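Some structures are shown below for you to check.
Two complexes follow with chain A in common, the first pairing it with chain B and the second with chain C.
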Partner chain A sequence: MNYREAKEHIEGLLNQGIRLDGRKLTEYRKPIKVEPGFIETAEGSARVIIGETEVIVGVKMAVEEPYPDTPDQGNLMVGAELTPLSNPEFESGPPGIQAIELARVIDRGIRESKMIDSKKLCIKKGEKVWAVMIDISPINDAGNLFDAGALGAIAALKSTRFPEYDGEKVNYKKHTNKKLPLNKIPISVTVHKIGEHLIIDPLTEEENVSDARLTVVVRDDGKICALQKGGSMPLSSEELDSMLKLGAEKSKELRKFIE
Partner chain B sequence: MSYKRKDRALDEPRAIEAKVGVIKRADGSAMFKIGKTTAYAAVYGPRNIYPRFLADPTKGILRASYAMMPFAGVGERVRPGPNRRSREIALVTEQALLPVLDLSEFPNSVIDVIVELPQTDAGTRCAGICAAAMALADAGLTMKDLVAAVAVGCIDGTPIVDLSKEEEDYEGEVADIPIAVLPRSGKISLLQLDGEIDKENLMKAIEMGKKVCRKIYQIQKAALKKKYEVTK
Partner chain C sequence: MGKLLVKEKEVVVPGEDLAEGMDLLPGEGCYRDENKIVAARLGLVKVGGRLIKLIPLSGKYLPKKNDVIIGKITEITLMGWRVDTNSAYPAMLSLRDATSEYIAKGANLSQYYAIGDYIVAKITNVTSQNLVDLTTKGPGLHKLKGGRIISVQPTKVPRIIGKAGSMVNMIKKATNSKIIVGQNGLVWIQAEPKMELIAVEAIRMIEKYAHVEGLTDKVKEFLDKAIKGGR
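Up next, the complex of A and B:
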């Protein structure tokens, strides 16, 4: 099916209030599963399944020099590897623009929500801080890597335990019971606009014909802490307003899976 | 003094788990887990090859890739992206799998095999090959045989099967020998060796490895059959 046919077909269905897989417009796929501590070699990890989409997220930690502009704060890094394992259209090699955007949007949600109390990751001001490195590895991309990856990152951070550190070397073979200093958990919901319709949790086929998307990251106190608009079509203020409302409302459903 | 194991016999592999059809988007896929080492494999193709100049008009090409996920190792984060080690492993993976495929059916095309490991504790290339062989079968390709693989080795003059990371890093005399076997013919399609071993122990270790590969073969076959089982 070419782009125009696919778009007409999907839009035609949406006009009748249904999706390609029979869901309603603002319904998540089933099942949604979050399994923290999925990877034993990582300091923290989670596997997230939304419908047929499956993502593994791992957290590794290290002791590093702080960045010069934040000498008393820990370092945070988010990476996403979109390899051909999960989707035949991804290419191996250095991260493409898709992977960079995905990682940066998830990074922003975590950073701007102030979910991690990064001052508590300081060991010695200006010299040594803990670095938290989050990696998103999709296993099967059936759409909505933004929200699955973000949910996985949050669950992985919650499951993270510091490795042993004697002031000189990190002993990765031994994990302490110490958790990351966390608060105010952010949840990411990506709303897509196809024609006149707003949908959440898109399938790959829907992502391919989406006119615009808006990733909304909402904290548990209701504050929005990150936004990212994607897609080629502009949004009116009214549309933006309904997308934000929908995102905030739907974040409550996802939040249940990490509490 | 001969080497002893605490938790298993010298010719006994770690616990093995295999599952077929774990990646819905792929044309064929499988997961193979031995101890903590977990490998996913996806097969895409036969499909058009890009860049086009790589195409071979006489036969298809098998193209493997291998990667550890950044959080897959005990220790520091693994930098993503290909490196010399992963490229070499991809090459020997291709060579381990090639003998069972008939690529003359697919001129000008490529079969991509993508192996990734979310969690590792030694024996990664062998786990990857086991998963890849199942994924190729799951993709419906004509195959002469499956491929089963395991690392064998020798510690202080004692041959052993399926080294753990701890054993690989053993202080004394160690050899680490990943092998892949075509179970029906018993032929070997992967053989590498790191370390020190004499010829007699090498042959012993390989024979032990072949036996374990036959067990792995049964597990692989069972996993393949399970996917296509009719559920009542």
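Up next, the complex of A and C:
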């Protein structure tokens, strides 16, 4: 089955309004599960399952020097590692384009939504701030790592507790009850375009033949705070409109799972 | 006389001693260690006369001569095509076994089989080093066009096919689809979109309930219900 045949086959199904696994075009897979606090030793963590896709996200906190342009704000870092265990296509070694894009899209969603009140992470201006490091590890990639990873990152941040800090050293063995200062909760929904159809929550097979995709990040006040377009084909302005609308609508569905 | 250390039909794990004595012979899934016969995989013990073998319960596909499999072309070389057979061992489809047509020197081989194409092929030989030779010359062996490939556990393939193909024929008839089950655990299905989904679901159901008795009736019931509901 080469690319052309696979695409014809998937488009044939979409023309009849069904997907490879029998879902409707704009339906998430079942089950969706979010388990915050999945790793006890980490400051924050979550496991997210969407259908057969499974992602574990961990949050690490450290005391660091702030970046020179933001001396009174905490640092945020998002990393993703696409482990060979999760998909036979992935190779071990330094992160590739896919992993970097995944991390950056999730980073942008968290950063631009102003989810973390980063001024409250400042310990001493220009010298010491808290750094929040989010690591995304797919356990099984059956498609839609973007949404699963973003959902996991949000759930992990919500479960994050500061470690003990005496002014000099961080004691990671003891966690305090202090939570991260969080405001708006962003939810990311990725809409894919295959032929004329717009779908969400693609399977790996569908991602492989996707013409273009748009990740829409929506805050709880309904405002769109980040976008990322991927794929080689262009999008018309009508398509863009309906993708944004679809993303905003579907984000409400996902939001239920982290509340 | 050799002594059996486990009961017949018992589940054994790799490394478990199955029998003692030189007069018993290790069969499929077992090997001899001095005077003992030891299990090499997870499975059920089956004794046939002096031969002790295992019916595997899990595991990757092991290439066997004369098996008809579904493979994916991964590389085109000077001598032919390299094929992924969903097993740990590499397979080759050489030029003379690929087609009865005459292939001119320097011809573009991708017009016969291109990278990414799926083929139905038969294993002609497995060397002691587990190098696999394939052929696509013969009845029913060809390139697959359209449809979809799903992968199932290779150990469940006999159950999906059923006695003399009864199970797969039932699904084919009910959903009016074309299905080819490769011994290596890849299944090709082509039908009307809705019927295709029902066929996929039926196969997944067989895979899940492979150990259950009266599965044929259960699948029949499912198919009747699904097709009625779909229309």
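Things worth noting here:
As a convention for this text, the second predicted complex is superposed on the first by the 259 of 259 C-alpha atoms of A that agree within 3 Å, B and C clash if a C-alpha of one lies under 4 Å from a C-alpha of the other, contacts with A are read in each partner's own complex, and residues count from 1 in each chain.
We adopt the following convention: contacts are C-beta pairs under 8 Å (C-beta built on N, C-alpha and C of every residue); 3 or more make two chains touch, one makes a residue touch a chain.
Predicted model, so just to flag it, every value in this text is computed and none were measured.
In the superposition on chain A, A:H9 makes contact with chain C only, not with chain B. Annotation for chain A, partner touching more residues between chain B and chain C: B. Applying the stated contact rule after C-alpha superposition, one finds that A:K169 touches neither chain B nor chain C. In the superposition on chain A, A:I18 contacts chain C only, with no contact to chain B.
By the touch criterion stated above, chain A contacts chain B in their complex at residues 38-42, 45, 52, 54, 56, 58-60, 62, 79, 81, 83-88, 92-95, 133, 135, 137, 139-142, 172-173.
Contact residues of chain B toward chain A in the complex are 22-26, 36, 40, 42, 44, 47, 65, 67, 69-77, 80-82, 112, 114, 116, 118-121. Only residues 114-118, 144-149, 193-194, 196-197, 201 of chain C touch chain A when the two sit together in their complex. Put simply, chain A touches chain C in their complex at residues 1-3, 5, 8-9, 12-13, 16, 18, 20-22.
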